[in-house]
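Shared between the two complexes below is subunit A, which pairs with subunit B and subunit C, respectively.
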Partner chain A sequence: MSTPQVNASESILSSTRDNWLLWKSIGKTYFGAGKTILKKRGPKILADAKQYPWIGELADLRSFFRSVSGRNGAYRKAILTLFEATATNVVDYVADVLNQPERVVYFQSAGLALTEILKSMDLVPYIDMGIPVVSSMLNPSSMAVYMDAAESEGVSSDICSLGRAGQGILFKGHYPKASVIVGNNGCEGQVNSSLLYAKKQGLPLFILDMPNIYNTERAEEFFARELRRMIEWLTSNTPGKMDWDRLKEVLDIRNRQEEAKLELWELMRLKPAPLAAEVIFFSQLIAPTFLAGTPAAVELYEALCECGQENIRKGVAANPNERYRAVVWHPFMAVHFHIYRYLELKWGVTVIQDSMSYSETVFVDTSSVESMMRGLARMMLNTPMINIARGTAANYFQTFEQIVDQYDIDLVLVGDHIGCKSVAGMTGLLRDRCRERGLPAAFIPYDLIDPRFASMSDVMTRFDQFMETVMKAEPLMETVPDIV
Partner chain B sequence: MASGYFAGCDVGSTTTKAVIVNKDKIVARSITASKVDPEKSARAVLNLAIQQVKDIQGIEDFDCLVGTGYGRIEVPFADKNISELTCHTIGAFTCDSKVRSIVDIGGQDLKAIAVNEDGTLLDFVMNDKCAAGTGKFFEAMCRVFETEFDEFSELSLRAKKAVPITSQCSVFAESEVLSLISKKVAPDAIALGIQESVAQRCYALLRRVGLKEKIAITGGCAKNKGLVDALTKIMKLEVVHFDEDPQLMGALGAAILARNSH
Partner chain C sequence: MAEEEAMHLFEEIIDNSQNALVREAMDAGRIPIGYTCSFVPEVLLSVDGLFPLRLRAPGIGGTQLADIYLPPIICSYCRSLLEYGMNGQYDFLGGWVFNHSCQHMNRCSDVVKTVVKPPFVHVLDALHTCTENTIAWMVDELQELKEKLSNHFDVSINDDTLNTSIAEHNLFVSVMQKIGELRKLEHPPLTGTEFQKIMTASLAAPKDLLLERVVKDYLDLLPTRDGVKDYRARLMVLGGAMDDPGYIEIIEEMGGLVVGDHFCTGSVPGLNPIGNENLAPLERIARHTMEKPCPRMLDAIDARLQGVMQTIEEHLVDGVIVQQLKFCDSMSYYGMAMAEYLREAGIPVLRVDREYRLSGEGQLRTRVQAFIESMGK
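The block that comes next holds the complex of A and B.
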């Protein structure tokens, strides 16, 4: 693809079009979200906002809309589409949680979503990381009060900020009611969270045992049995009952969702990339969790693919000044997600893929209950947090090498999240591996959803230092607009 | 008309440095305590250096001035501002072209730099979240020992054995040292424990970036003889001795870059 020459009138037209896209999206998002709130909660939402102050944080979407500044055309449209889907579906999800507390299953996610199973049992999932992550993207300081509350109660400041935020929400009494809790051993920072929630709220607790060596027949068989055990437990402890036909429908849709996702990922192999950054990691944050197994997930990926195809037809790149193709390794910087726009505009860095999104794509055989359970087991064991953030180093590097080779990566951006001890232990080996492959790697210390450890300014400075000194790059602009 | 003089100014967290070069050599050097306003710090140190060169009346007489500094601090009136990492690399490489690893121990941070054979920067790691092992830490230790930096730096060289300092944090390390002193533990042994704990940090940073001879220490703490000795023993490798003040490496690198760009 080459970047076509644009004359002045075309430039004005596209600028007008981009502004129109933004304002239309703002209207559509607020209208859609408002309609859902009124329909599902009505005037009760005012009392909800008082009882759960984080609801107010979710109402201010300016950070999302600011993130399209400097991004144009179909790329802008793709990001706005994502944010529209996020806003309306998060509202829907929160409303369901508040409306049916007796059916709410709180699950400690660590990137593992049980949405398909829970929805097939007519249960309502409450994903513990959802609110802290989305809220901190909208307002980086929003979770500070909860993290402080957790530390005041004796929670160690060493654990991941995501875990501390969730625990702080609990201690402050801002947790929505649930009927049961399902935990897992996927994320070391959140392992104790489930125990704490169960004890504090006096709720029944089930812990999913996820094998460290995940990619064997034995692991899949074992975990499929674990999932059956969980389903039986949920049947005994909640009003939910598994509808296997419904699960089949959900998983059939899930398979279509995976096809659409693969198509999107395939587009990212083009140089320059037709889409970038949030389109990849944000779609993977939303679709497998809030939207899993619903037509909305398929529609979302298809809409994103269409935006990518539009750029390909026009011969336009997401980042017209693409100089480097980057993988984001370790969690993307939720609290400073504007950094990816900053890197695009100032340094010509296009984020092509990220480690918390990429995993083996699993299509579930829905011909029998047993095959569905095996497929679900395999799918969940391949969730990035489960197979990278724990287990053997081989898991970690296998994924790394796959991404680098498949996407022709020439720059590694490592979000050196201080709260993740297991992954921090791999840093030295990752440096060595990058050196062996001749891949420049920027290691930027930060805390996933706590801006106090490393502010946006700190992170920008670190990246600037890296690009200037190691990459010896010249900036494309001095100041990127709308960076707060 | 070109003056033939080029300057580099390095605004650090604790001290500000300036170096003036002509086409052949260094002609002036100065170091002052940093003020709150980086511009004032820069002007003060440059004016001090200018007094050493009779052909220069003011900052405007330089053919080129490159600024550098701690974090995002810049010299506002410089022709160009360049990262301190690059400047330290150039400065050290200019003094010894065989340098391949640098540890810069500044007032408030520690940096390890890997250097290419052509003198450009290959990679770096920084510790700027913790004051332990930085100039601030040694200032605190000098206060506790009620001694000046030069005297402290030689104290550990007299020790036969170190008393390990177990605290990772400089605040707690200070308390630990006070406690040891009050128990009448030999001061030289405590001093050696302090030097070894900082040397260990430096070594760990160097290992992360890839330790390769020759090794240089830059920054004010490079003048700490006890630290250099401890680091040499831990690494089992020699540390390069510069003829120039290692604290000036950033400013020197900036001056060289100013000269090269003209």
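The block that comes next holds the complex of A and C.
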């Protein structure tokens, strides 16, 4: 796929089209979100915003819309589609949580989603990481007050910022009400939030226990039993009741969702890539959690694929100056997600895939209850965070090698998240593996949703230094517009 | 054996990984197996010529080698073990057995396997809740470990040998419990430091040799000692694994007397006997292991809190020191919950972060002194 020459009039036309796309998206997003809010909460939203200040943070979407600056055509359209879907569905999700507290199940996601099960039980999922992550992408400083509150109460400052933010929201009394808590041992930093919430609110707590060595038949059987145990517990402790037919429907849709996702990922193997960055990692953040098992998830992936296909038909790359194909390894920089646009525009780095998105794709056999439970167990045990943050070095590197080989990766961007001990403990071995493979790797320390450890400016500088000294690259531009 | 001689032997054992008793056992053809966590059952490593040694890093200075692979936010215990492994100090071991205690230890095991490459290494996957489901899982895990040990070391691990090993463990525990009971007295015949030295020595040497040569005699000597009178406050220490009695020594230098403890290298759960005689030995061991009160376990927290209160009442504790290794996620919630629970019950609490290697002694002294004074003692 080559990059065609563009003349001046075409340039003006495409610029106009891009601006129109942006403004249309802004209108559509706010209109859609506003409509949902009015329909589901009405004037109560004003009291909600006062009681839960993070609602105000979610209302300011400028950071999302700013992220398309310098990105054009179908790539821009894909990102905007993603943000529209996020805004609409997050609003929907928050409204459901506020409307039905007696049905709310707070669950600590650690990358694994219980959305399919909970929706099939007519329960409302509240995903612990949802608000902190989305909020910090919109306003990097939004969670600082909560992290500080947590530390004032005795929470260690070295716990992952996501955990601290969640615990701080609880200490400040800004958590929406839930009826029960489901925690899991996927992440030691975050499970503290579940324990704390249960204790502070006096709510029933269920811990989903998962084996560290997750990729065996024995582990799947065990976890399938754990899921059944959880369902029985939810039946006893909430108004919810499992509708197995509904679960089948939800999982059938999820299987279609996975097919569409794979089609999108397949597009990313092209050089240059027709889409990039947020299209991959953000879709994987949203679809398996907020949208799991709904037609909206399938539609989203299909829309993203269509954008990719459009670029392929036109012979256009997401990054016209693609020089390097990168994998983002370890958590993507949620609080500084504009860095990926920065790298595209200044250094010609296209983010093709990331370790918190990629994992074995599991299609669930929906022919029986038992096969559904086994499929769910396998699916959950193979979610990216479980895959990367748990298990052994062997399966960690298996995933790494698969990504590098399948997507023809020539640069590794390691988000050295200082709050995650599991990924931190692998940096030495990862460095050795990159050397063995001849892969340049940038290790950039940061804190997932706390900009105070490493600011956007710090991160940009470190990447610049890496690109100059290690990659010996020349910048494509001196200053990237709209970056901070 | 005289008291001083006994204590000197305990100290020699603590200070040297290849101490006299370890060398004696190895000379007799026994094989030392290092392990990292109390969820690795010692009894399974105490069979047919094998003997367990809790992995420690006595006298460690820095972790320059280990830091190449494990960054500073990985706990210093893990980095210390890796340091020792990388500079050959564990080469005398027949093998290593880890448990997936936490994510720090998980990654430590990955680096050890890749970089240190011990001749035998196994990682147990003990889960984090105690249910019939997880106990059954643990039985399978122990079965797998048993088979691997048997095959690699050509040893016979069967129900009979396991039951014998359990009986020996329970014997040791019963002797140590008698010593531990003496700490409930108003003037105990031994300090917390002395008690911890015995406990740590028992992790660092073959228990059978230690029991016969020293511990039993020491128990007999204790009633003849004058009780400890010159202390200001009776304290309990709880929290993460602590294998350096030096920490207890500093606390006691400032006027505290450590009369109780809840950490895995101390008396609770270290001195819990293995019960359930009617069950098969692997199930006995699995139940005993999974029922251990440990910050890594995510359930039964209230029961653990009540267990702490029971110790406080029985040992007449004035105040509690909650200690944790810096960067320990498992202790993050548990330490906070424990401190809050105890304070609500009117028990003074001091929370301290520490490193694995005894350090920050001046700060610790100051804090303990202030803590004791704040209790009005």
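In the analysis below, the second predicted complex is superposed on the first by the 484 of 484 C-alpha atoms of A that agree within 3 Å, B and C clash if a C-alpha of one lies under 4 Å from a C-alpha of the other, contacts with A are read in each partner's own complex, and residues count from 1 in each chain.
Methods note: contacts are C-beta pairs under 8 Å (C-beta built on N, C-alpha and C of every residue); 3 or more make two chains touch, one makes a residue touch a chain.
Computed from a predicted structure; not experimentally measured.
Peer 1: Quick one: subunit B and subunit C on subunit A, clash or fit?
Peer 2: On the superposed model, which is not a single observed complex, subunit B and subunit C fit side by side.
Peer 1: A:Glu468 contacts which: subunit B (first), subunit C (second), both, neither?
Peer 2: first
Peer 1: Report for A:Gly183: first if it touches subunit B alone, second if subunit C alone, otherwise both or neither.
Peer 2: After superposing on A, A:Gly183 lies in contact with subunit C but is clear of subunit B.
Peer 1: So, does A:Ser156 touch the first partner subunit B, the second partner subunit C, both, or neither?
Peer 2: In the superposed model, A:Ser156 contacts subunit C only, not subunit B.
Peer 1: Can you pull out the angle centred on subunit A between the C-alpha centres of subunit B and subunit C, to the nearest 10°?
Peer 2: 70
Peer 1: Identify the partner contact of A:Gly428: answer first if only subunit B is touched, second if only subunit C is, both if each is, neither if none is.
Peer 2: both
Peer 1: Scan A:Ser457 for contacts with subunit B and subunit C and give back first, second, both or neither.
Peer 2: In the superposition, A:Ser457 contacts subunit B only.
Peer 1: Which holds for A:Phe222: it touches subunit B only (first), subunit C only (second), both, or neither?
Peer 2: Touch status of A:Phe222: second partner only.
Peer 1: Go through the superposed model and pick first if A:Lys314 touches only subunit B, second if only subunit C, both, or neither.
Peer 2: Neither partner.
Peer 1: Looking only at contacts as defined up top, I'd like to know whether subunit B or subunit C touches more of subunit A.
Peer 2: Counted on subunit A, the partner with more touching residues turns out to be C.
Peer 1: Report the closest approach of subunit B and subunit C over their C-alpha atoms in the superposed model, as a whole number of Å.
Peer 2: Result, nearest C-alpha distance in the overlay: 5 Å.
Peer 1: Where on subunit A do the contacts from subunit B and from subunit C line up?
Peer 2: 428
Peer 1: Going by the contact rule set out above, which residues of subunit C touch subunit A in the complex?
Peer 2: Contacts found on subunit C: 68-71, 73-75, 78, 100, 102-104, 106-108, 110-111, 113-114, 123, 125, 127-129, 131, 133-134, 137, 140, 298-299, 301, 326-327, 329-330, 332-333, 335-337, 339-340, 351, 353.
Peer 1: Show which residues of subunit A lie in contact with subunit B when the two form their complex.
Peer 2: 428, 431, 435, 440, 443, 445, 453, 457, 461-462, 464-465, 468-470, 472
Peer 1: So in the complex, which bits of subunit A are touching subunit C?
Peer 2: Residues 153-156, 158-159, 183, 185, 188-189, 191-192, 195-196, 199, 207, 209-213, 218, 222, 225-226, 229, 389-390, 392-393, 396, 418, 421-422, 424-429.
Peer 1: So in the complex, which bits of subunit B are touching subunit A?
Peer 2: Listed in rising order, the residues of subunit B that touch subunit A are 71-72, 82-83, 85-86, 89, 120-126, 129, 208, 210.
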